[in-house]
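Quick one: the structure is below, questions incoming.
First chain written, first letter: the chains are A, B, C and D, and each begins at residue 1.
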Amino acid sequence: MLIIFSLLTTVIAITVPTPDLSLKGILLSKTAGQTSWWLKRTIYAFVSLDYSKEDFGFIIDNLSDLILINPDAKGTEVMGGLHFFLSLIQPLYLLTITVTAFYLIFISGSPSGRAKAKSLMGSLILGMIIISLSPVLLSALANFSAITTKAIMGQADVSVVTDNLQNVFGAPENMPDYMASHTCTLCLMHWMATFTEIELGYYTFLPFMIMIWGLGVYFFLRFAMITLWMMIFPLSMLLYSFETTKAVGRNMLEQTIMWIFLQIFNAVVIIAITLCIIQSQPGIMTVPGVPAWMGELLAIGIVGTAAGAINIPFIGGLAVSPVVAARLSSPLIEFIPFVGCFAMLLAPLFIMRLFKGFLP
Amino acid sequence: MDKHKIITVLVIAAFFMPIIYADDTAGEDSLEAKSFAKVLGEEAVKGISKGWMIWMCQDLYTFLSSITGHLREYIIANPPIDDLKGVQGFFIALMQPFFVLGIVLTSAYLLLYSESPRGRAKAKAVLVRLVYALVLVSLSPLIIMLLITFSSNLSGAIMDYTNVDSTSADSAGGIIEEGSGHMHHMFDVLTIIHRTGGVELLLLWETFLLIMNFVIAMRYLLVILWSIMFPVTLLLFSFTPTKSIGKKFLHQTFLWIFVQVGWAIAVLLIESSVRGMDIAMPGYPMAKIGLACLFLFLTTPRVVFGLMDWLSLGVEVVEIVNAAPLSMGALTMDEMKVEREVIVEEPALDNL
Amino acid sequence: MKENRIIILITAVALVCLACAPFAIAEADPLDPIAQAAEGAAEASAKYFIVAIPIRMWFQYEMMYPWMLSYGESFINNYKEAILANPSLLDSSAKGYNPGITNAVSYSISLMLPFYILAIVLTGAYIMFISGSIEGRVKAKNLLKRLVVSMIFFSMSPLILETMLVTSQSISSAIINQADPANVRMVLEGGIWGSYVIFCKLGVTDLEISIAYWTSLYVMAWLPYMVIGMRHIMMCLFCMVFPIGIALYSFVYMRDIGRKILEQTIVWIYLQAFLSMAILVISLGASYYYLLPADQNPKLTNAIMPLGSLGESLGMPSTGYQGSPAYVSLGPTSILSYAVGSMGYALLIAVPFMMLRLLNKFLP
Amino acid sequence: MKRIISRKTRKRIIISLSALLVISMIMNASAVGPLALAVWAGVKHFWEEYAKAMPKAVGKEIGAWATAAAIRLVLAEFIKMALFDKFKDNCDHLPEIILMNPKIMIADNNGNYYGNPPMEELVNSFIRLTQPFYVLAIMLVAFYLLFVSGSPLGRARAKASLIRLVLSMGLIVLTIPVIQLCLDISEIITGSILNMQDVTPGIAILKGAIDGVYDNFLGAITISYWNSVYLLMFSGVMFFFPFMLIALRYFMVIYFTTLFPVTVLLYAFYFTRNMGGHLFRETFRWIFIQPLYALILVAISVSAVSMPLIGTDASARMGFGLAGFIVLIIAPLIVVKVMDWLAMLMIILTSIEFPGMHGVVGMIDELQVEGPETVEITPPPPIRPRA
């Protein structure tokens, strides 16, 4: 697509002003400065956008799956780590149980001490049971949260969100295919910046990188964190069962549960976005587009800086300007899905802050 | 020659020259009319210079990303205990007189001025603490050696579960290398298009890899710092007024020694979660995973030791060792009460 | 850098070009594509190779290399003197004899004295005349005791300060003498010369991509001195207000301020010990060099040509630009030495801040 | 799973492909022969043209570069005039700048003082603002005393606040003289501190730092534009900040003066007492930083004496001067709790010490407590074998 477009523009730029189309004639035609100037910027814009938006399609296509995804607690990946930590704490368990039993049988000082030891014993054995059940338990937790999430997301149509995200980052409908992924309004911002000064182009594709790369990284991070907490689940159980280390263990268990149930909040965010989009009449929470004639002007302005320089004010313009104008005169950035992405990225922080210390 | 004359001359020159050479001095393409042949020639040479630039950055990349090939060595890295011993001996020698002073004073108090049984008990507690701390201090090289060996062995054992030693694409090193390599590759492309188009990406992966290298080196140095300060830490920890500081120091000591365990867990985590993701959702974009794994490697110690600070456990252990002989309830309580009172500033004078 | 020299040089160049511009050779044949291509190639290669590279190398090796030798090496050469520098209040024969602080201390003593007298007189009056309840009496007596004791310390404060300074200096020198100067030099040079090597390697193609390393040169050259100087200044500041601190510490309502001042004085004075401990740590950190076997330890030279390292091993200047101003063939830097060196500098900055944070609220 | 081809393999592929190409060309050299000859001729021609065009190109490029450098040097000269000389002027007048105080009261020719009209208007407007609240407050308290009047304690409190309210009304009228008094006191102290020592060495060191930075800036700007910009930003932040803070004090004093009536009202009324106390503290802190600045300046000049390297080593001189600037920036911020944003900077420096979010949060808390006023003493929790 990129190649096609650049070839197209090159051909236009060369052929139009040159009378003879022999190789020598083309080589000698004096329009190369502008053409290279224009081509470079065009290609830069295309490449950088492709780079910053790669895998956007992937995220959009299986957004719901990405939200629902959970590590398999019974799988070998989690189990390997879990077994390691299990082997790490087994001796500890044995030691503590023997010591407590020994204490109960022989030393057994005050009744209070006895009671304490008994309760400790109980908690230890309980912990052991739970740990031996941990894969089942964890997978049950994961499945529960996944089912809940699915139920919540069933309330809304995810495609609404994805379509609007498409509108923000990707192509709107009825775009020619080769322009498809390059004509959203943010992209046009990027285009303008690149044509002004090629280094500005970098800063205008930062939004894409933050949003799209951020989403990609975030979903994997959640997955990894759940894997971590699942792997050290036995340890947290052990720590939770002692009085001295109860605080630490509580903290760890809380983390486990929070990270597992995080997806629910993502689902809620999705629903919120959907509702906002559905309920808000078109044009609300959006930057109104410039009038059509100004769009045309701007479009020709963008391309015209290049095209006009090569003595063909309109041919270059005609290649892109309808698209540009269409996008410019349609409402610009829709903020709701845009902010929705942010909300999805910020969800963990909120949850960590809000739901601290809910365990006894 | 007068500088300001020069300046005036320069101003004139500066205003004339652009007229003579209508050329962009930044060295980038201009809008002047050139023939295609000329531009092709230019672009060829520019391409050479850009390629050269890329070559240099490639060298830098191989230089910085070499860490991904040696993750195990880097994570296991610990200062050789023999270097520390001598210095610790020096610090122990430095601490000895304070201990002697403290013990002598306390015992003198015990013998001469002990009025209340409570004060007596307090003094006893302090004395016992001091003696134990003295023992610990003289043992501190051994303790440090124990801790370091333990943590490095533990992290090694954790990493035995992974294939970190191989540089294959599904080892942690390979994945991290891909995360930065993707950006580096993109930097190449953008640089070919425009000379300074990819500088920011360069800075991005530079930062990631530099931080990885630097954090490990920093931990190495800080382990040395806290291990040679261990006797001081124990001294501060054993005196009641300076106890809080000693606690903080102890916390730091444990923290920095055990960070490597966090990294080992990070390696295990990265590999297993990538494998899990491979099963759970095949075709997950690898670049994102690589970036996330860079992030994970840097933050997992923070998560593991930050959210659940089981380093306080280490402090607890030392506590228990200190309080062992007098752990029979009452005396300890008493001591604790005393401790509280020391720090409260006298309320009697407040309404003066 | 010697600006006049630069200005004259550049002016000369500029004027020469200005002069010879009208007599330039005619354009290449506009009908010959190869000639056109050759012209373009010639211009570009002149721009990117023949002009720019010598200029950048001139910047690196003519401007920055002497800078490195003077500024960059400065701290490595005299870190001991810089860290162990302490003012001496009383001993006029001592090296850093500093009458200014003494005057300031006496000034602040004279500033606080009337308050003392006032307080004592008032308390005395209270005890003698008003003296309501017994407990009030006790309180007053208590306060009086305090006042007198603190007044003794107060008037002795120059002596106390001197003692603290001397002890901290002796401890620091004892610690810093444990460090092996060769190791310290090795580690720190590994840091700063490592950045210089990378700066040269990248910067010769484009200075903009080497900006981070160029900046880190300044950081490494100046920040240690900045930390030490900051310690020195803050120390003098708190030494000046030390008597006030003692005085406030003895009045109940002002107690917090007084405590803070005393704590800060102590901490800033004894920060010296921690700085020297950082040096000690750096010297021990040299063992980081042997983390990897030497053959696996990745190296980087400032060779800027593909065959550079080979040429260097053959002992010839490997810039590929024979007329280069003063090409300095720097030895290779290894990732280990670079990392540990940079972190050594970072440690010099981090340790004081860590200690400032850890050592607060330790006075009753 | 999608993977990029590693660079090594890419190189290998390229090499092998080119090898194949060469081999094939050798294989059918006969066919390639004339083409090769033509190519050779072209290359030769190209080379000649190249050699011909080179000297002009070199001259042109050198000229272009020299132009750029000349322009940049002129720019540097302008920057020196515009910024660095100004920095140095500021340093020269540092004592006066420190002694600068807003004129709350001014004297007329007969030597009798009255409030500076704009200030007076401002303060009066605020006093007018407080009047209804006074009425309300007094009515409330009176109502409470008459009807509600619960515990004797509450009674006593109410009475106390009633008295305080009445008194504070008197104080409010005296706002301007009171503030002026405080300002005079702080100015006197500052002046005496500045007269305590000769501050010129300190100022000389600060100026030395500025010169050093300018030298490096000049060396950089001749060659590359961006590198020098970094230095310029750095120096701008470094050398402007102290003066910005001093100016900030100037404004904050006026600000709190205008707020003074409200402060007094809040302090007088029982329920809002803490707020008022806080405002009071802020007011007096901002007023009395002035001596601190003087003290820092004196400290810089004093400590220069006992710093051995300053005389001999340029780098040490630079570092010391920059440290002086940093102290001028940080110390007042530590005293006044403007620390909350500075906390970020401190965290960057200290976050290597406490990994973990909670560590960072704790740091923020501690840094907010950093001001000498607010040292709360909480006994550490007793450590006992948990029950």
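The criterion applied here is as follows: contacts are C-beta pairs under 8 Å (C-beta built on N, C-alpha and C of every residue); 3 or more make two chains touch, one makes a residue touch a chain.
The shown structure was predicted, so the numbers you read here are calculated from the model rather than taken from an experiment.
Novice: Taking the mean of all protein CA atoms as the centre, name the chain whose own CA mean is closest to it.
Specialist: So the chain nearest the centre of the shown protein is B.
Novice: Which chain has its C-alpha centre farthest away from the C-alpha centre of subunit C?
Specialist: Most remote chain from subunit C, centroid-wise, comes out as A.
Novice: Write down the pair of chains with the top C-beta contact pair count.
Specialist: C-D
Novice: So what's the Cα centroid distance for subunit A and subunit C, whole Å?
Specialist: Going by mean C-alpha positions, subunit A sits 41 Å from subunit C.
Novice: Whole-Å distance, subunit A centre to subunit D centre, using C-alpha means?
Specialist: 36
Novice: Taking each chain's centre as the mean position of its Cα atoms, how many Å separate subunit A from subunit B?
Specialist: Subunit A and subunit B have C-alpha centres separated by 28 Å.
Novice: Nearest whole angstrom, what separates the Cα centre of subunit C from the Cα centre of subunit D?
Specialist: Their C-alpha centroids are separated by 19 Å.
Novice: Please output the residue numbers of subunit B that touch at least 2 other chains, ranges allowed.
Specialist: Within subunit B, residues 10, 13, 17, 20-21, 34-40, 43, 196, 199, 218, 222, 244, 252, 283-285, 287, 303, 307, 309, 316, 343, 345 contact more than one other chain.
Novice: Among the residues of subunit C, which ones contact at least 2 other chains?
Specialist: 3, 7, 11, 14, 17-18, 21, 30, 33-34, 36-39, 41-43, 45, 47, 52, 208, 350, 354, 358, 361
Novice: Give the residues of subunit A touching no fewer than two other chains, as numbers and ranges.
Specialist: In subunit A, the residues touching two or more other chains are 27-28, 244.
Novice: Which part of subunit C faces subunit B closely enough to touch in the complex?
Specialist: Listed in rising order, the residues of subunit C that touch subunit B are 3-4, 7-8, 11, 14-15, 17-18, 21, 30, 33-34, 36-45, 47-49, 52, 135, 138-139, 142-143, 171, 174-175, 178, 198, 201-202, 204-206, 208-209, 212, 252, 255, 277-278, 280-282, 284-285, 287-288, 291-292, 296, 298-300, 304, 306, 335-336, 338-340, 342-344, 346-347, 350-351, 354, 358-359, 361-362, 364.
Novice: Tell me, which parts of subunit B touch subunit A in their complex?
Specialist: 28-40, 43, 157-158, 161, 186, 189-190, 193-194, 196-197, 199-201, 265, 268-270, 272-273, 275-277, 279-281, 283-285, 287-289, 291-293, 295-296, 300, 303, 307-310, 312-313, 316
Novice: Show which residues of subunit A lie in contact with subunit B when the two form their complex.
Specialist: 14, 26-37, 40, 43-44, 47-48, 51, 54-55, 58, 62, 65-66, 69-72, 75, 77-78, 80-81, 84, 198-199, 201-202, 213, 216-217, 220-221, 223-225, 227-228, 231-232, 236, 239, 244-245, 248-249, 251-252, 255, 309
Novice: Mind pulling up the subunit A residues that touch subunit C in the complex?
Specialist: For this pair, the touching residues of subunit A are 24, 27-28.
Novice: Hey, which residues of subunit D end up touching subunit C in the complex?
Specialist: Per the touch definition, subunit D meets subunit C at residues 42, 45-50, 52-67, 69-70, 73, 196-197, 215-216, 218-219, 222-224, 226-227, 230-231, 295-296, 298-303, 305-309, 313-316, 318-324, 326-327, 331, 346, 349-350, 352-353, 363, 366, 372-375, 377.
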